[in-house]
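In the two complexes that follow, subunit A is the common piece, with subunit B as its partner first and subunit C second.
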Partner chain A sequence: MAMEVEGEEMVTPGEVLGKASDVKAGRGAYLAPHNKTVYASLTGRRIVIPPSPASPDQRPTVEVTGHKAYGAVPELGSVVIARVTKVMAKMASADIMCVGPKAVREKFTGIIRQQDVRATEIDKVDMHLSFRPGDIVRASVLSLGDARAYYLSTAKNELGVVSAESIAGATMVPISWTEMQCPLTGQIELRKVAKSGG
Partner chain B sequence: MDDRSLNLTTSFIDQIVVPGDVVLDLSSMSNQTIKLGGGLRQDCDTISVMKAGKLKFSKPNKYWVESSQKRYVPCVEDTILGTVVDSKADNFLVDIKGPTLAFLPVLAFEGGTRRNIPKYEAGTLLYVRVVKANAGMNPELSCTDASGKAAEFGVLKDGYMFETSTGLSRMLLSSPTCPVLEALGKKLSFEIAIGLNGRVWVNAASPSTVILVSNAIMNSESLSGVQQRIMVEKLMQKFQSSS
Partner chain C sequence: MEFVSPEGLRLDGRRPMEMRQIRAEIGVVAKADGSASFEMGNTKVIAAVYGPREVPNRSQQISDQALVRCEYSMANFSTGDRMRKPKGDRRSMEISLVIRQTMEACILTHLMPRSQIDIFVQVLQADGGTRSACINAATLALADAGIPMCDLITSCSAGYLNSTPLLDLNYVEDSAGGPDVTVGILSKSDKVTLLQMDSKLPMDIFENVMQLAIEGCKAVANYIREILLENTKQLEYRRGT
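And now, the complex of A and B:
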C-alpha cells in the first residue's frame, strides 16, 4: 500500500525530483515553470508523501528535509518581528529578528516602503512619524524582494511598532494607533503603533 | 526651597552654562507650560543643559541655549548656503556643513518639471531652505519658499564664499541690522548672502571691496557694536589712504 518512502538518497539543490505531472513540490522543492519539472532547493533526504485519498489531485508530494538544522526563514505572508535600522524619506530598513515565534539564525534585511506602512492615505505617509531607528516592529512579508532585502508591510491594525524608546531613553507606552508616550517626561511621539491584545 | 530655585533660574539666565547644569526645577515651580528650545532637555523633574552656551529666556516661557560652533545642526526652515557635491536621479547631494549630506529634490524649484531640471556641477553654491531635518535621516532642502515661489533661492554666481561660525551668521542676520553690516553698507556697495550654517557669500564690483567686506565680517565676531563700527572706520581709512 502507499506508505512514506524514506529515501536513502541525498539530494542537492538543483537535482531533478520528478515531473510536474507526476509529483507535487513540497517543502524544500520547487516547480520550475518553464519546463514543468520539480527540482530540489535544499540539501537533504528526499521524502515522498502519498496524497490523501480525499483530495482530487492524486499526485504524491515530494519533500526534502535538510540534514542539518537551519533556523527560521521568512516566507511569503509570515509575520516577522524586525528592528528598524534606518529611516529614509521613502522607506525604512529593518533587521528581521524572528519569524513567527522562532528567532532567526542569520541576518535577514527587510524594507518597509512608504506605500506599505498603512492601508489608508498611503501617499501622505511621513516615514519619520511612523518609525525611528531602534524601534521593534511587527510586519508581514509582502514578497521575497530582491537580493538585498525582503519587502515587509505594516498595513494592518495589528502590525506596526510594538516597542520603542523615547528620546529620554524610556520604553514608551502606546496611546493610540499613531501615538506613544514616554513615562518619564510625558512627551508624545508619533509612530505607526501595532494594536496589541484582542 | 523656593528661594533657592528662584535663585537658580535668575542666576543662570544670560550666563554661560555647560552640559550637566541643572537650570530649572519643575517640582518647585507653579503649574505652567515651559517651552524648551535647543540645548535643553527634560530629565523627569529637572531641566538640564545639553550644549555649552548662554542660557536665554524670552517672556513668557521660552528657554533655550545659544551657542556658536563651526559645525551646523540642520533645523527646519533655516536658510543656508550649500555646495553641490553630486547629482542623482531624483536629488542633488548638497554639502551643508552638517553631519550628513542633504538632498535637494530635482523638482524643488519654481516651475520645476521633469523637462527643465537644472544641471549643477560639483561645487555650485546654492542658497536653499531646509524642509525636513530629522535625526538620523539626510535633511531635505528646497529652492522655493513655503508657497512655491523662487524668492531669492537658487544659484549664487561669482562672488566669494567664506566660512564662519554659526553664532556669527546669526548675529549678521539679526534685526535691527548688525552694526558691522550697517557701517560697511554706508560706504560700500556689495551683495551678501548669509547662511545659518556658517557660510557667507559676498559679491561686489571690485575684488578689493569683496576682500574688505569679508575681512571686516570675519573680524567682527567677538566685538561689541561700538567696537565693530570703530573697526570698520579704521579699515575704510586705510583703504581710502592706500587707494
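And now, the complex of A and C:
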C-alpha cells in the first residue's frame, strides 16, 4: 500500500481525524462509538493510507505516526524474543525482551510449558534437553496465561532457541533442529533449535 | 483585606480573568519514559512517567487493561516553611488519588493489558494551584511517553473573592478563605473529569466560577498542544524525515 502524507498536518491526542463512515482508525487513532468519530490518541503526523483495490471496504485508513511510542506489550499471537531464566521439569521461565521488532522497556515474564515445546512427540519432551538458563528463545505468545506469566509456545519450526552458550562459554552453532555444537570444544548439546536461527 | 482593587487589578497585577504565566518543557528526566516540567506562575511541578511495565505486585494486576498508579509529593523546600512531612500524609494521598483517577479517564488502558503505568509528580515550588499544575504536567509527560490517550486532560482553578470570580488563584488568594474550584476537563470533548470545591458558593455564582475555570482549562490545553507540536516538529527535524 502506498503511503500518502496528506499535507503537513500534526495532531495531538483528542483531535478529530474524520468520521467513522469516511475513514478507518489505524495506529495511534481510535473510534469513539458514541458519536462515530475517529480521534487521535498520540501526538504526531496524520497519515492517510488509501485502501487496496481488492478490499471490499473502500475507506482509507488514517494513522498517527509519533516519534515516541510506549514500549511494546506482548499480545496474543505475537512473536517474542525471550531469555530463559529457569528450567523445571514441566516448564521453563523466560523474560520477554522483544515483541516483534520492538524492544520491551521493562521485562515481562513468560512460561514455556512442556506441551508447548514442539508439535511432535509431546509426551517425550525433556525440558532440560530443550532449554538451558541464559538461552535466547524465539517464541509466540500462546495466551495471556494465568496471573503469573504469559504462556509462550515454541511448537513451530521457526521458533525455539536462536542463541545459546556452551559450557565452555562460546556461542554455539546449530547443526540440526535438536542439536547445537560448540565451536571451541566440539561438544554437542541438545536444544529445541529454531529454524535458520543463531 | 482587599484582593481586587477598584481599578480591577489583583494583588499581582492581573485582571480577574487572567492566568498566570505558563511555561512547560518536555523531556526533562532522561531516564523516564516520558517527563515534563510545568510552571504556572511561581508554582513549579515536574512529572515523570514509567511504563507500560510489568506489574510487580501480581495481586494488583488487571487482566484486560493497564493499571495506573500515581505518586504525588511536595519537596521539603517547596513552601515558605520547610516542612518535614512523612510520606503518605492525607493530603498527598488524596491528591495522588485525584490525579490517578483523572489520568485513568483519558489513558486507553485496554490497549496495554496486564501492565502498569507509573506517574510520579513532584512539586518543586508551591504558590497555589498545585494540583492543577500536577495534572497538566502529568498530561504532558504521558504524551511525551507516547501512551495513547483519548484526549488531553487539563486542569485549572478559579475562586470567588470580593464579589468577583478570579481565575487561577495564587497562594495569597487561596489562603484568603474564599471558595476554590478546581476543574479538570477533556479539552476537545468538553467532558469534566475532575471537580473539587472548598467552602460554600451559591449555585448561580458557582456556575460562573466553574465556567471561568473551564475557559482557563482550554487556554492551558491550547498551550500544551503548541508545546507538543513544536516538540514533535523538532524531533522530526533531527531525524530528517
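In this section, the second predicted complex is superposed on the first by the 127 of 198 C-alpha atoms of A that agree within 3 Å, B and C clash if a C-alpha of one lies under 4 Å from a C-alpha of the other, contacts with A are read in each partner's own complex, and residues count from 1 in each chain.
As a working rule, contacts are C-beta pairs under 8 Å (C-beta built on N, C-alpha and C of every residue); 3 or more make two chains touch, one makes a residue touch a chain.
What you are looking at is a predicted structure, and each value in this text was computed from that prediction instead of being measured.
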- Return first, second, both or neither, reflecting whether A:185 touches subunit B, subunit C, both chains, or no partner chain. first
- Larger contact residue set on subunit A - subunit B or subunit C: C
- Task: Mind working out whether A:12 is in touch with subunit B, subunit C, both or neither, as first, second, both or neither?
- Result: second
- Message: Between subunit B and subunit C, whom does A:87 touch in the aligned arrangement: first, second, both, or neither?
- Response: first
- Which of subunit B and subunit C A:109 touches, first, second, both or neither: second
- First (subunit B), second (subunit C), both or neither: which does A:133 touch? first
- Message: Quick one: is A:100 in contact with subunit B, with subunit C, with both, or with neither? Answer first, second, both or neither.
- Response: neither
- Query: Is A:28 contacted by the first partner subunit B, the second partner subunit C, both or neither?
  - Reply: second
- Query: Do subunit B and subunit C land on any of the same subunit A residues, and which?
  - Reply: none
- Touch list for subunit A against partner subunit C, complex: 10, 12-16, 28, 30, 32, 39, 41-45, 66-71, 73, 105-109, 144, 147-148
- Would you mind writing out the residues of subunit C in touch with subunit A in their complex? 33-34, 50-54, 58, 61, 63, 106, 108, 111-115, 143-152, 186-189, 224-225, 228-229, 231-233, 235-236, 239
- Item | Touching residues (chain side subunit B, partner subunit A) in the complex | 41-44, 103, 132, 134, 136-138, 140
- Message: With touch defined as at the start, can you tell me which subunit A residues reach subunit B in the complex?
- Response: 86-89, 127-128, 132-133, 167-168, 184-185, 187
